[in-house]
């Protein structure tokens, strides 16, 4: 049985390879068709035709596309993602510093969403079609219906501009603090690791508004899924049987129903996490958050193809490994997996 | 250091390199060259009518060079470098450093080389080390542009000993090293740079090329959203906010806690370009018709919020001064526009997309919409075509393929002929209109290196302006102003032609 | 005798019944109808030309003339918000239609025929889903240029994998039902069985996805506009209106962002809620 | 009676709030039960058996409530009990087992955890004796490889095993009353027998009272002491076993008894009125076979992935089958679950291609045409099939008319509207479906009506061979009786040939002339039905015969009818 699961996991891992390849092909094609000639951009404001041509050769842009693609693949395999034209940094370095920022934001957003949506979903499932259910549904749907930049601006306007409760929306830390030692790249965690509570508080308070914005749009799918899978398992025969066997209500709901409902929930959480990472793009723009999302926007608008490719590839790796992780979790948690396939 | 000695600046743009010579370095990064490196000379600073500080293109003052003189029958400049000037690492600034830096600027290609060329500086032979503290710049042809061109950010002086240590065979000019690590002797040193987030300057206390700056530390923080920048400055969380839309600037002017430095940008025009390659625009009457169809005042009110200088409605038909930019004698007159259009053979108008740069949508979008509406009134339908910032360069300037487009060119060196050189001569980068007029070419050629005091110069420039007015390949809308909002206790903002932040003069009460 | 056949419940009856199920259904159906009505008729009754500028009345707050105020070019915000309904619904409907048709066809073929079809199509969906979708949409618009049709394409493409997934799951559930074999036995070809027998039975769950997707499509278009990659000005689109208005919140012109933002939100809200109601409507099991 | 009954129910009435208002599902139900007694609650589907049982433990769905009546357990009023008291009673005093053992156990909890939960909740074991207690319980239900079972997840065990675990759970707290709601429906006959034997023994030895809910009179007859018959929410008859068969007084009970297939019953005896087919002649038998099956074999390869295409495990579903069907004949095919009956039927009806072997239809080798092309083959309309599940085989979105006209449109030459209408009407008449139903959707029909639609559709094109894959297994006995009679009528009327598949030997016996017995993909025995039944040769057939509960219908009361 363990062997079966191992095989299943291995299979999943292998299946990710063609996906990566596909992502590489698509991102390569997409970036090569971006308008704007990178050589022109790279050559600078006053460059003439000759220096543009020189830059073009330097970048290998004068070679055929298949050749460029092969060179690109080779570079990627060697861990060379190229250099961003617009920020002038190595794409990998850039992502290395920015990804923790995005992840910290997304994870906290997801966490906020989970701790609100799951209880809401459970409450709704315990009293389906009651007013509680309706209120929950309206609440979470409102969250999902608001354009992410709108809610971001709104929260900022109210909590920073009008009330002054939130710190100034200028990124990960206020001016007065020094960023903590780079350990994980997550400011809050790094600050805690070195025991710097001041900085932790500052970094955390910067996180609250943007991650709440993210959480708002993640509420609906999680709450919906919690509700429906809780309903399914609450109405299932085994919960009924547990009731007939005199298992107390608390245990039935939290041990039996919730445990079973958590499996489909896991899949949704994976999806939502991916969605939030994508949605980051807009939040980061609103809150000047120095994450990968704002990097991607700038790069895309600037036709900065190395940066776009690098971003897309890293994100794909992240997404695919996330799904892989969820699959593996699922496989490990659900005893049925790896058996009836 | 305290908050009192720290200046917090909000910028909307991202600094992508610390080396202005490197290909790919973007405009906002030029401030590093300004603040961390010194040049031989600099422009003077003057106070303008509304009390704000502005660079003075007519005076050149010493920076690293204590003094200079014209030698070799006016064919060379001889510079005497300050003896006490050192780089941050304590090593003295020598003529060798200057030569290495200038050689670098003209050798790397791209922008620095082109800019040096504008001052007639094209070959390493022109830069001669006379002795440790004496440096000579030879000219092939005497030009009024050479000395001012040494005051722009490009010919900065790099610590060549340090840089050469990091040079490699493939990279003899140490571009990789200087890209991330400045090696200079300017008033400020680098404390930290997190690309995409912030740049922190730290004062170089042994700076000798000018008065020691007041601010010990300057944090330039990137805040892409202009609304956020406004909120931050309004709430007093920052000292200086750059790049605010005119509307916000206008409103913030009335806040007692804030003050605004506002002055027009020299040699710069926001204009509507008409591409000659587009059939109807090759007819002068059509271009004039469009010039009469523009709702100038509304555009100025809505897109510029009245900040800047109108470029329309001059009441004399011919130019009476060589002041540049100066208003053109056009007005909004739809009847006239219509009749001109009919005369040109387009009584029913035509269709032409109006292209705008997304990167400047603050002003381009409302402007385009207002133009679009008036053009419709004379029968021309003009759908708006938004082009992302990066492709703009390719499409507008390199391919020159945009029929009707909003452009904003500004010349660093404040001479009308310099503007005409870039914007009105066929094939030159900023002539996105494909405009070709042999007379303009010959006039510019003869005026470019001529001294301003030459009487021929005056005639030439007036003629240039008259041709541009009559043929209108590009319709000036207004001369923009550079507006910076500061807390009222902050002073010392200087409006430079390069539009970069010069933090050396700042002080806080 | 022949005329005593029981007639089926009429559509109107079913609609009424479903709407009465709970208050949310009723409200969402009513709002849904209202939006469609506005979308269809707005050009005929809006008080001002939504494109006409008049700088002398720029940035007026809501008043009796201009109910939602005016924008920086003096255009009537109310008229613009109303006329935008048409464009936004148009984007949503056409994008969702494209992704529904392509995604469902691919997904159901994958599930029905299995084998290489399934692997290939599954992989394709995985690849698209491995992109951050909003960034992919941005990329597509950036490549193709920002026009209405490209915004629609971009929105359609990023939604296709969802339909592939749902259709695949639904069809593989239905595929093993015996009515499928019965259909084959009655002489239906495989394709016919797939598209005329199996797919209609997957409709209830697909309808929910469609309605949620309509909401997403609107949000997506709005997001693109916010980045500056959306529909071209001066067209009125809720996203553009909010994005333009966003610059004016801090300076106090809240009406520029509030009204279009609220309309946008309410529309997405309606689409999200109406899905379940519509599902009940198309599900034959829910009929009497 | 000197001692108080363990459970007594008085005038029970249960209401459900539904979309169409309040529905009274059960009314005026009264019965009582003593220790050690096994009570059978019988009746057709929907008669209120489960609802009655659930109401005892207050397990009704949210929309249901006890409207009237009283339930006493050991003198304690259950209908007035509060939550805490109920939780005390549930599992400890009264235990319940459900129909589908697989879905009644939490799929992600191990069997051992279930038992531990139960024992700990009710305080019947502590840490020290927990495992020993579990072992004891499992032994009690005749599970001996305790360690494996304890650590197994429910899906890793067979249905019978799961049901034993459920019983072990029910016995864990030495409960006094066991309610078993159709405990063996999903299981095959041999497993059914061992489970019922177990329950019966426990009841007799442990003085346990049992309520056995079933619609299978045969089963009830074998194991129960007392019978309660329900119809449409009412108790129509209540008798101890001694009187039940002899004194069945209520017409409904009689009808039910009649319709239950038994060893000696013939098809015409299943209903009280005499069926139509009796006056129809038996169609003449041909000498050349209509269908010849030669060496038919079907294997399924384990699903493999293209990255791991190495080891392909083959699973043989049908192994080397040979048989013939003559025209006008009904051939029965019996066998346990998973023995390959449906696979055979799918190959014969050309929905699936055999791995090897040939099928000759009227001499033509129809295996030469792939199943994909057979759709357009002229022979398509000659081989039709009626499916096992009347609900699942009807497209839920199609009306009766659509369903019946589908083959006519696709395969028949019915082009004009009138032709089609009249043909559909004729078919509905033939299968006895009221013609005003033809615009109904499947879910608006009863089980028997759905089965009729399935049959009407299959005979629409007058096929020569009709394959019936367990056409009545989802139906109640009385409905089954009429459907079986209808099939016989149609066979005689239209001269069809049948391959009749079932797992119920008695049902097959009534219809078929010849019999095929399948086990694990192989046909282990074939011959004339009567001979195989009376003198089974293969041990598997013998076992099958022995496991079927027998009821003595030839009682005086029935003889009168």
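Per-chain numbering from 1; labels A, B, C and D assigned in written order.
Keep in mind that, in the parts below, a contact is a pair of C-beta atoms (placed from the backbone, for glycine too) under 8 Å apart; a residue touches a chain by one contact, two chains touch by 3 or more.
In this text the structure is predicted, and so the values were computed from the model without any measurement.
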item	value
Higher-contact pair (C-beta pairs counted), C-D versus A-C	A-C
Chain of greatest Cα-centre distance to chain B	D
Chain C-chain D separation of Cα centroids, rounded to whole Å	45
For chain A paired with chain C, centre-to-centre distance based on mean C-alpha positions, whole Å	24
Where chain A and chain D are represented by their mean Cα positions, the distance between them in whole Å	50
Mean-CA-position distance for chain D and chain B (Å)	87
Touching two or more other chains - residues of chain B	227, 231, 234, 358, 388
Sequence positions of chain D contacting 2 or more other chains	none
Residue list for chain C, restricted to those that touch at least two other chains	142, 228-229, 246, 249-250
Chain C-facing residues of chain B, complex	226-227, 230-231, 234, 245, 247-248, 251, 298, 301-302, 358, 361, 365-366, 368-370, 372-373, 383-386, 388
Residue ranges of chain A in contact with chain B within the complex	34-37, 40-48, 51-52, 54-55, 84-89, 94, 97-98, 153, 156, 160-161, 164, 168-172, 175-176, 179, 285-288, 290, 294-295, 298, 301-304
In the complex with chain A, residue positions of chain C that touch it	22-24, 123-124, 126-127, 129-135, 138-140, 142-143, 145, 215, 219, 222-223, 226-229, 239, 242-243, 246, 249-250, 257, 261, 264-269, 272-273
Touch list for chain B against partner chain A, complex	3, 6, 8, 10, 14, 16-17, 22-27, 29, 109-111, 113-115, 179, 194-198, 219, 221-225, 227-228, 231-232, 234-235, 237-238, 358-359, 387-395, 398, 429
Touch list for chain C against partner chain B, complex	51-53, 55, 58, 72-73, 142, 146, 228-229, 232-234, 246-247, 249-251
